[in-house]
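Next, two complexes with chain A in common: one pairs it with chain B, the other with chain C.
Here is the complex of A and B:
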């Protein structure tokens, strides 16, 4: 009896939950390093994307490719937008679409048979995104600043706080997307691509919001991620003339903070709902 | 009485290839959203540098672009690049992901137990992929031009189509080569992700390859999509063929068309046999 109680205590409580989360995050990181080609390829991919976008932008400048390294404002605009983009993109795939991958490989149902926390399982996927995408962001920022121009680097503490809140909100989007993937199954891949491209267009990570037509800018203002991009890059660029573009910085930080706090809760609630529905219908392992 | 095995005839192989293509068409007809997205993505993709260029260069955007590329029509230039990229990228995704998907779901080994050769199935997959990519890329180019208020039918449209059509065969041959790499390395997603961006870089998706450093430019010129893209751009926008006259550039694409498939089949068969001998077909 005493032994049973002790075992139950070991399996429950915050310490057990944290231990399970740490083990799951470690498992995700171990899997990541077991695929060295993927590891190196994703690094190479970021470098090529950066070069392609840089060369494309330079075609519009006087002097073209010879003009590389000249514009500091363009560098800040593109580099800081790219950081948010890469985090969102990786979150959609590693948190959201990974659920689908487990379904395809037939391991999702087995995960649900274990007594471990399902939320910890979802949250552990964030570890890979934080470690790997964080590293990629730093490297791409360095490369881009070499190619496009010296990176403006102001208000680092506030910029880091805005980025942290933006990432928290982005992870919430990842949880919500995982819920959507459970519902739409194979169409989740299309949905991930769709969200990525909607973000690229409406949240303007690679160009200023002033480049968008007026009617599209109205739509941009309805998306909290737009404020994350605008607030983060404006702060890091030291608020040059015309920035932030969507609202005064105080308002933008308020929106980003609300997004960072509420979106993970909303995302997890949606995931839980969809998970319960899938379990009731017996469709956890369907694909 | 022992059953004897005779290899499938050409007609039977063609029938298998068409059946494979039909299977894929039936499958994609269940996901119409993917097709819609394939039309939208190249437009959004081309819009990125367009919006950045317009916002940073202002009224000088067209003039600067002309000085760097040979045409002020940056909308069509970028749309041609992004759509040819979609065609090439689709070829790589469909070929490599087909093999990887079968591996992941555990059906690749079963496919190898049927009397149909994998190259026949790859041919069926290529027919499906090429038809799908050509339709979506054409619609996307026309829609993109209309959205950005540019005439999509300027220049020599037929010649541009000829460059794309001739370039398709070497592109799928290179994709088969890539499929062999996926069979060997087994990490398709990362490889395709990297490969599609390397392809976009080498073919000059948003810039002329003349801006690349000399060594990289030579590598780019050894790659069929570079000739496809420049051929289509030159035919429609007059940016200039690599060899000044269109028929020389077309001749190079034909040389690729004759050489690349033979080389790819040879490599694919070698890798396939190696994987089969080492019992790695069903592993992932």
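Here is the complex of A and C:
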């Protein structure tokens, strides 16, 4: 095993990048599957959460459960909001948590010893989230529509485009939280938890924005994720009367698009900044 | 040039937070490397010898791009540190942190193939390379078991295997025999020698003097972030000049050590705990003339002497002569 690496053995350019990304994503999936109890429990708990949230929502809706259950609009409002919520929630937890887990087990240091792209490493976690959370959100949507009512399906292509941009922005938030995790370690996860609840309140994924007090709706309007929720569900519901609630749909799509393009850049910039700091401090392998 | 390392006045300072009670804290500057300069030639096994906390791992982390140096320059395999970091990473095989740094839910083969992908090996090359390493290190029996089922020694062996996956011209091994039992350590050292014969340059850090003596072509003795001495093992031993080493074993107090240190002709002493008793190492110019006064000083301080013997100079004695401490003592970096 002398230094006999031939040119054909080494991948270069995009092939090298994609091959490393695929290996990283496959590694994440393999490890996930090898924790079967965690795998099943995390899958199962989503359905319990969904049922609890849905039933609670119905109980407090105008006219009670009977009235709300008959409404396709209520189903659309809650289910499409839930899809954005579950992606945000998983992204916040998964990316930062994985970075911290790898930091603790020393494998993050191994990544930094190699020439592999650090961006590919973050993306691999996104890929896993997309597969896993995508599956969860489809199953949850089916369950919720059984509990609440038939889902409205309008403007599917535009809805999918808005969702893609919203997810891109969400992944950017995930990168920023990964940066925060590098800085504050476990406390980053507590912050993610806090952020998740703030999102549940201010971005109104499970209720209309009109349910918020006026002064709180002002705060909601300052958060780009609010427009992701509003634009996505309004589009999928076929813009019923009063929707979108925060701004005309064109403006909302513009905000979601800007968020989807700029937030990943900002998130990755923050991550790179934190990575440089960790390299200066020697904290990449901090336990 | 492949396999060559040149380091010029490398400095690394850290800011560490010193806690003062519940809320208050203050930042303290720690100099982990104080202008280290040295050259490592292609094809040699170069030892970095020093106690824990001496700066060996900091130096290695700088050379492997994990740490950004505060100032100074270095060239690794012809690439300039901080400018060509990815080229350096691609051409260095590294074993740091022992058994940490492995995916415990993956098998040895999966780990090796995954790390091969990080070095941009094609899928076929990853498999071939992993198979070759598994065979060379006799990991065949455990290669398809998840790492979590391995013994500590097996994990260390796999961590070493991982350092070989990119077939780099320069291998950096940070205390690779830590936690290995004697036969496994011997086996690993034999593979390192083989790899060196195949043309690889090896940087080998250790705090075990005998290991440095047997493994390394040249050794740098490092302490408190500075290179204290550098040369071949015979050169370093010869650097003690006409000084000789006497080792005394028994029950010896710190007061007795101090009294011996004050005797005329004694240049350095070091007191260590070895296997339940204390060992006093005395470096002096004229052993024969010193002996009566040495015994007198020990007896005067109620030392219980079990064994007293002149000994061959070792690398540890070179370290003691330069620092007044043994390699077993941790260094408090100032």
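The rule is short, and it goes like this: the second predicted complex is superposed on the first by the 265 of 287 C-alpha atoms of A that agree within 3 Å, B and C clash if a C-alpha of one lies under 4 Å from a C-alpha of the other, contacts with A are read in each partner's own complex, and residues count from 1 in each chain.
Quick note on the criterion: a residue touches a chain if its C-beta (ideal position, glycine included) is under 8 Å from a C-beta of that chain, and two chains touch if they have at least 3 such contacts.
On a predicted model such as this, the values are computed, not experimentally measured, just so you know.
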For A:35, select first, second, both or neither according to whether it touches chain B, chain C, the two together, or no partner. both
Let me test your reading of the model: by the given contact rule, A:194 touches which partner, first (chain B), second (chain C), both or neither? first
In the superposed arrangement, does A:52 touch chain B (first), chain C (second), both or neither? first
May I ask you to decide whether A:78 touches chain B, chain C, both, or neither, giving the answer as first, second, both or neither? first
First (chain B), second (chain C), both or neither touched by A:111: second
Considering each complex separately, which residues of chain A are in contact with chain B in the first and with chain C in the second? 35, 105
Which residues of chain A touch chain C once you look at their complex with the stated criterion? 1-5, 8-12, 16, 19-20, 22-24, 27, 30-31, 34-35, 105-107, 109-116, 276, 279-282, 284-285
Given the complex, residues on chain B that touch chain A span 31, 33-34, 37, 40-41, 44-45, 47-49, 51-57, 60-61, 64-65, 67-69, 74, 78, 104-105, 185, 187, 189-191, 193-194, 197-198, 200-201, 205-207, 211
Which residues of chain C touch chain A in the complex? 2, 14-15, 58, 61, 64-68, 86-87, 89-90, 92, 94, 96-97, 100-106, 110, 113-115, 117-125, 129, 132-133, 136, 146, 162, 164, 166-169, 195, 198-200
In their shared complex, chain B is touched by residues of chain A numbered 35, 37-39, 41-42, 44-45, 48-49, 51-53, 55-62, 64-65, 71, 74, 77-78, 104-105, 186-187, 189-191, 193-194, 197, 200-201, 204, 206-208, 210-212
